[in-house]
Amino acid sequence: MKVTLQNLTKVFPGRNKQVSEDVIAVNDFNFEIPDGKLIGLLGPSGCGKSTTLNMISGLEKPTSGKIFFGEEDVTDLSPELRGVGLVFQNYALYPHLTVKGNILFPLQNLKKDKKLTKEQMNEKVEYVSKLVQIDELLERKPSELSGGQQQRVAIARALVKMPKILLLDEPLSNLDARLRLQTREELRRIQKETGITTVFVTHDQEEAMSISDMIVVMNKGVMNQYGAPQEVYEDPKNLFVAKFLGTPPINIFYGSVRSGALYIGKTEVMKAPGLDDREVYVGVRPEGFIINENGPLSCDLERVEVMGRDTSIVARHNYFTGAFIRAIISSEDAPRSDLKTVSFSLKKNKTYIFDKITEERLYLEN
Amino acid sequence: MNDRNYKGFLYLLPALLFLGIFMVYPLIDVVIYSLEEGYNFASGNFNGYGLYNFKYVLHDPFFIQALKNTSIIVIITVPLSTLIALLISLGLNSIKPFREFLQTLYFLPYVTNTLAVGLVFMILFKKTPYSDGLVNLLINSLGYSSVDFIEGPYAAKMFVMCFYTIWIVMPFKILILTSALSSVNKDYYNAARVDGTSRFRIFYKITLPMISPMIFYLIITGFIGAFKAYSDEVAIFGTNLNEAGMNTIVGYVYDMLYGDSGGYPSFAGAASIILFVIVFTITVINLLISKNKVNV
Amino acid sequence: MENLNQENKKRKIYNNIKTGLTYFFLAFWGIIVLFPFYWMLLTSVKSYGSYNSEYIPAFFTLHPTLQNYKEAFTAVPLFGYFINTLIFTLVTTGLMLIITLLSAFAFARLNFPGKNVIFLLFLSLMMIPNELVVITNYVTITNLNMRNSYPGLILPSVASVFFIYLLKENFEQVPEEIYKAAKVDGTSDLKYLFKVLVPISRPTVITIIILKVIECWNSYVWPRLVTDNPRYFLVSNGIQEIRENGFGRENVPAMMASVVAVSIPLIILFLIFHKRIMEGVSRGGTKG
């Protein structure tokens, strides 16, 4: 099922005297979630991603704007009529029911012509519990399960009624690092197998990048960019998106454009055709540096960290916005670690220029 | 180290002293009293040990009446007050504006002097030569004739008693239940809503199991409290509860101890031990049931 | 789709009705709670004559009078009852506080042989109903010739196992390192208790004090047993006395004036501290 958000806005009125201003949690959202895809809503905490999810589920009413499931306008529909499955961050498994009782719960709610027989219910429970691989645990209580197992039960409960859309709120954040890696692959597999349009919320960019078909990057209630993970990574629209995606993070320098050339400090680092003179930020991905003795960007070498195939170079530069530049190069090209300075030239397609004031991306002419 | 040991007891000394004199010793002493036959308060003499006091109390029509009154109050007020408190708490839990205000308002009777407010209730229900009282006026307006709630038929008196008892115990129950309800994680409700669970099913399958420990706690404390009913009765019907036919077991104990019919600590002791046995038995039964029923 | 929309509309209407009914029901209970208070206040400002001439009681009065309050404080020794209750409340609460603080400290921080057993015995005392011990206490106080005296009123209720338990739990949440640091600095136990533990546990201490004050102000049964001289009556006994013997003819407005006077201190206390009181009671209050 395709989901369309149209000018979606959510304003929380200022609650008390200390916070008297209204909080715009979600500001004029427009995007379309294609049928059968896995979408990651990505952003720092408080960016409005959970609010967006809650509006899709119907638990929260938008202040303005519309939500469509397929061609149907569901904006005013209460959650139970929308046919969505929801997985909560803390799983919200009913502690007094067994795993089976939990999974059966949504099925037992169906009424009238949709009512299922005992056999049909058991069949469905069996199907989803096999799908998420918890068929051995059906008689246990949630408190007897590990975090990962509880997570699977929660997904099974959301899936059992074959929702049109599956929504997951920070589904992996309560798991430890190793389990998180494993579970996200699992999530991807389950989504592929069922083909249900799935939206999940996360603040972990790596998680979102690794399994999503599409990601939506949000900040302060505003949608910053929407696209396939690689596409967003390689072509960030603004400084925030560039900084938010990628580990290690992008390196940002203070720079300027003067008569068609890009400067970091007093050094020209590359040509900048088509740009007017102005102050800018220059973002360079860690993999965007090339060791070059005659390269324009000369930095003080701090240390060299060999990580097997790759080598990480930690360096300083007067016009760098943070403390240390981190460049990743092939180990074959690694400089000697006793050098005082190291010089780079920059890969054009890994270097982004952002306006200093608007922080929007500036594109070069080809 | 020795110095420390000695110090701990020094700090505990006042508590040990007072609890010893006014809790532990009386506990042993009351059993002795209840077994001393023919004890004379003035001379301190008694005939011997035996179960006569218990026999006497259990055959005393005043005690039978008190037992009956107490049982009726317990049977009516404990389930009814718990149920109404549950309804009110559910109501409170489902609203936002005025919620805190109402919560505070509902708690007000907890801090008021039961004798003082009881007097107001009596005025509201009482039929006097001047006026039939406000409640009777209400009854009249519905087309029925006045009832003397304070000195009239037993059922009417019992009604006032139960009404007042519920009014008094409600704040505590509402408070406990609202905090139990608000401590249920909202995600459970959201999960159930998204799954299209009906309100009744949400209540029956999620809310009730989650707050069942608190409900049982209220029922147990409710039983204990209601069995010890006394001041509320005095507040409505005055100190001579036997004359009003509204005495309770605790009232019987005090009457045996003190006042015009007093001076019989042995009978009082026997009656209070009977009360303790009843309360203890019911509590144990309650706990056994709750062990089987309450889900945690 | 049409079906869904219809269903949705139906649900919304149903929800509105439900919310409406909920408010109605809650407001109704609010009236039941408030009405007795309104009625006592109203009646207390009606004049004796006008009250008795109303066959149908009026729901408001245009000629409020304070005459009844004057009556309440002159015709019966209401003022004396107030003073007694005040003394009783202050002394009982004060003694209770000292005993509770010392015991809670001993259980929470000191080591002595049999500590756990003694604490367990303390806890089991919580289950003993007052009715069981009141008989002997009555005899004890009578034999000590302390009937109709402040000590007789006060002494049996100064030790509260429940409050000791509550405070001990609270004290134990204060990191023990602070105690050890204080010891190393040569702070005496008592100084540590009053300068460190008590300020840190202030909310609980205040809650305990308020709960005890309420209990004292409303206590009726024990004072009734050990006092028969109105000079030592507390307000509850005073109200009962007024009801049975006061004001000659049934002077309801004057009775209500005394009831209002008795209720006001606690209502003021409640208005100031309602958050504290409710929190304290829900944390394990006993009454019900």
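We call the chains A, B and C, going by the order they appear; numbering starts again at 1 in every chain.
One rule holds for everything that comes next: a contact is a pair of C-beta atoms (placed from the backbone, for glycine too) under 8 Å apart; a residue touches a chain by one contact, two chains touch by 3 or more.
Keep in mind that this is a model prediction, so the values were computed, not measured.
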{"item": "Which of A-C and B-C has more C-beta contact pairs", "value": "B-C"}
{"item": "Most remote chain, CA-based centroid, reference being chain B", "value": "A"}
{"item": "Separation of chain A from chain C, taking each centre as the mean of its C-alpha atoms, in whole Å", "value": "55"}
{"item": "Chain centre separation in whole Å, for chain C relative to chain B (CA means)", "value": "16"}
{"item": "Residues of chain C whose C-beta touches two or more other chains", "value": "none"}
{"item": "Chain A: positions in contact with at least two other chains", "value": "78, 81"}
{"item": "Chain A to chain C touching residues, read off their complex", "value": "72, 76-78, 81"}
{"item": "Residues of chain A defined as touching chain B within the complex", "value": "57-59, 78-82, 84-86, 88, 90, 92, 94-97, 105-106, 108-111, 157, 161"}
{"item": "Complex contacts: residues of chain C adjacent to chain B", "value": "19, 22-23, 25-26, 29-30, 32-34, 36-37, 39-40, 43, 52-57, 98-100, 102-103, 105-107, 110-113, 115, 118, 122, 125, 128-140, 155-156, 158-159, 161, 164, 189, 214, 217-218, 220-221, 224-225, 235-236, 239-240, 243-244, 250, 252, 255-256, 259, 262-263, 266-267, 269-270, 274, 277-278, 281-282, 285-288"}
{"item": "Chain C partner contacts - residues on chain B that touch it in the complex", "value": "4-9, 11-12, 14-15, 18-19, 21-27, 29-30, 33, 41, 84, 87-88, 91-92, 94-95, 98, 102-117, 119-124, 128, 130-134, 137, 167, 169-170, 172-173, 175-176, 179, 218, 221-222, 224-225, 228, 230-231, 234, 238-239, 250, 253-254, 257-258, 265, 268-269, 272-273, 275-276, 279"}
{"item": "Interface residues, chain C side, partner chain A - complex", "value": "1, 4-5, 7-8, 11-12"}
